[in-house]
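Chains: A, B, C, D, E and F, in written order; residue numbering restarts at 1 for each.
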């Protein structure tokens, strides 16, 4: 099974490496993982504006993945940018970490909190969870106020902040589980779980497992929900 | 008051003209309306994919409108493409016809149906109405199965189909009012209202009136909901 | 365009004047505004009981407005008293400030708080927002604990309290915008907006703009939602 | 225990009698039932307008009931007109047949249909069920298109229509139980239950039993939800 | 009228006695109440696991009640264990205190809190209120952290804790009424009501009154919602 | 990885075999699957009563699975009987096919229908989907009216009925995907998918993949949602 992981930001070696490393840890043996970033787009995704600029590049990579015979695509950002458009133009399953991690979380808890990067992206989660029909399950969306591109540099501070906000989510907001709210936090779930004593879902690995499940179950996005776009002039 | 109307498709004289004409009919005397289409993008919007391709051009025009001193912007497509990103980067109000027409409809009816072009776009309305928190008010989304670019050519057929589907919406689905589900249907509301005896909301004129209301009330999109995107490298 | 504004309380010169003045500030040039109070009813509206007593007088004025050729009616109280009955007996649009201000607010924010007068009226908002299908958008209903008839006398205290509760709504309750919860607070929105840095909706002006939008769009309340009452004996 | 039943319409001997007779059938032995109609108001209630005109008279009778030492009041109309105002001014429990019958129905079924008189009142149920938080439990609201004042004259036709619409509600709409949608249908539930083989709730008797339950449990409406109206000038 | 009250725990004299005594206080004169405990099952119910172990014994007693000519059954535990299965195999009404007390509470308040025993059972209420369609009405579920079997021993501590948590529910969570969250708290409602000045619903008495209402109204659970189980081999 | 599959019915060779065979088809190479039926319980599960009788045996097998070192448990029935109790007493993940298949379906469609065996079980799905917070995603629950124990005997009839009801679900109810509503239908999804051209989710294989995902992600049910039951006397 070959999975194409789109890192929908300008090339960033460190994120490509850690993403590949962490995804490989949970992948089944026969899985081949390819991680690729954008040539044009934003350096990180922290607004609807960033998402909008990333989408054209994402859609190109989705086409490439299908052409090259991949079995599934992951758009590796917690905002699931371009997910609907990508699903319309692909026949292989396209998976978004936000939707996937919430599906996984809903099988082990009935209410969960997202702990994410910046206040700026809280409204994006509000809209996404409404669109996905899981808004009732969200206990809270909390932030650590560290921008994406600082996450790796400020690893220890990030861990502490995640633990602090995660604990508040559990104790004050009624969260029964935590979802890491940025795929840039990849690899932090296990440690956090040990501290908080509740399930902590790492969205990119969750997306990988959902992608694998869909492929093995021979399922892909519904063509009724994501119909093939009609032919027409499109000037790029 | 100056309102900038973005027609988020490749230049199409007929649509530009009829849009300007119909909007001018409902505008107050001191309003100046400018209609402008995209240089790059899709010929029409009938999928999430089309929307994704239109957004970069929309965002450019939003910046242009603000720079040139317009008081408000309308993204003249019923899918409200790029609305969130546009609001993040603008300080003047940016209005989407879908959101605006549903706000207007909700002041005269508690349940309404959308009659739109193609089955393909029904899922887009599903997601939009969830995101806007009005899904409970939607009695149904019905289609006439005419592509956007055929609307003006097949005007009579379109009218008949709107009347037929509108009537079904009222009689079978419990609609108390109808919203035209494509800004390409502009100008058809009044005739349909006379036939169906229920309010029929024309989305682009509704958007214009909402834009005017916001400007006169000195209101614009909330910065908490639509925060200014952080500075960063963005390669276009 | 002529709009009839019903002040659904016993005659109160100061409120009539300020209402006319503030509405005139946002009205378009060709709009004629008539403000009229009740001959029988409560001195102010702070309970369902007050509303019930105001309704017969409101309905009389609605009939008068239509007979005298007005284009629209506003029932100028945040509880929208008698709105359904008024719409049943009128063919011109009848607008309620609560419903109208929430429709306007929903075009610029997804969650908003109401800051109103007394704890007593909080349950009325609870019921109204459920009835209007906007309960999910309400971040909170906060009160300043000043009775309607004291608002003008205690203007400075009121302003401070509005600022304090508005800030709490934004910081603690997740409000992205504020709606003034009493039409007696008319004229305070702009100053509050400057303090809070979020949109503040003044309900009576919002109602006026919605009324104007409906008239210009040639729309009125749906006869399916608000059918004409059957003929029968009614002893008054 | 003494229960005051307000028939919120102009005096109508037949309805007073049948109401008393049918309520007495389900009442416990020690219950004393008093039925009283309005001196001013509508001949029947089939619109929000009728409700508005009935409310002042209802409130007078509510005061009378409390003054005369009754233990509970029932506002005997399926629209529960004036319920909130009545509860504000009374300390004894005031019960509405719509709310009470839906509470009873929800203990034996999860989805039920209302079969009522005229299309005109369907929107009133829509609003009431939203306000009461039971809208999700309503499978449908169906009508027999017989005005209230014709119910007793056209008894056989009414029965047939109730059976027909009740059956459709069960077979097509997913109703697990039926609520008679007008207190003027009192006494028809048992026969209908035998025909349809599903529970059929008669709203006035249900209201009586809820009133009795509240009195015996020493419960009344919450003062937080229904606060005592503040003192002020009220000109009647 | 004869009502069979199943105490779904291992025999516990004190609870049997106080239950009988308190139920008798609110029962009508002609009611005969029989209280019976389980021979096999848990000593108390504080988890889904306890509920699961209690159900087989409950179902046996339900059959016994119907065979012996009782008019109604109450499963006297706030978790309503086995309610669905019991209703499938009985034709007489089977009533659960959780569902019944919430139905009663919803006729006097629109939002209420449950004050119960242990944090462990909070998720059970979450699921129950979703299943019953009343989740929106729940202001909060608070706990006093006293296990069921300690309730009577620590009566004074329990009262104080109920008052404290009840007050918080009213002041902080927006509760308009309180429901005692364990049938083992029977008899404490009245005192608490006097302290808190809001309605306090005692679930077992509420269930008794609902059972009586159903019997007098000749209603029982809907066979569509609770169909008779098909015949088949069942090895016990 | 070792997964214990509980077939919560009396031993039935054919179902054990086909379940093992079909699950093995989608399992990863290193997975060991053990299928075991009940010694006491119902021959099939078609009511809440059947579920109640199956639960004690299920709980015994859950303990056995954990003791014997399995990594996860599947309760292989579409009603997820005993899921909450099982999760309370286990530390390894316990997965229910209903919850798991709906989680999987929600990643590829926003609305789906369940096609199941008998009308009798429709209310069980109603309650389950409310409890799981996915009721809004259910387009319909349709039935083929074939009892569980006849499924294999009437394979061709079953296939035709599934195709017919699946098609109606898509064309009339708005389903974008289908979930097989009984784990006894295992193995039929692929053929049905080819006929209907929409995703068809087979619940037991979906449960297996979710179980595998949880194990690989080192996740298990939240202890806050499913706390360990307190120690106490429990007489079995």
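One rule holds for everything that comes next: a contact is a pair of C-beta atoms (placed from the backbone, for glycine too) under 8 Å apart; a residue touches a chain by one contact, two chains touch by 3 or more.
For clarity, every value in this text was computed on a predicted model and none was experimentally measured.
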| note | Listing by label each chain that touches subunit A and subunit D gives B, C, E, F
| message | Validating interface symmetry: for the copies subunit C and subunit D, is the fraction of residue numbers used by both over half? Same or different. | response | same
| CA centre of subunit B versus CA centre of subunit F: separation in Å? | 44
| Geometric centre distance via CA averages, subunit F-subunit E, whole Å | 30
| remark: Distance between the CA centroids of subunit C and subunit F (whole Å) is 52
| field | Contacts with two or more other chains, residues of subunit E listed in rising order | value | 110-111, 123, 127, 133, 176, 224-225
| said: Residue numbers of subunit E touching subunit A in their complex, please. | reply: 123, 126-127
| task | Name, in rising order, each residue of subunit E that touches subunit C in their complex. | result | 110-111, 176
| Residues of subunit F touching subunit E in the complex | 10, 39-44, 46-53, 55-56, 59, 82, 84-85, 87-89, 118-120, 123-124, 127, 130-131, 133, 147, 149, 224-227, 229-230, 232-236
| task | Enumerate the contact residues on subunit E facing subunit D in the complex. | result | 26, 28-30, 93, 95, 99-100, 103-104, 106-111, 132-134, 136-137, 170, 175-177, 190, 193, 197-199, 201-202, 205-206, 209-210, 212-214, 216-225
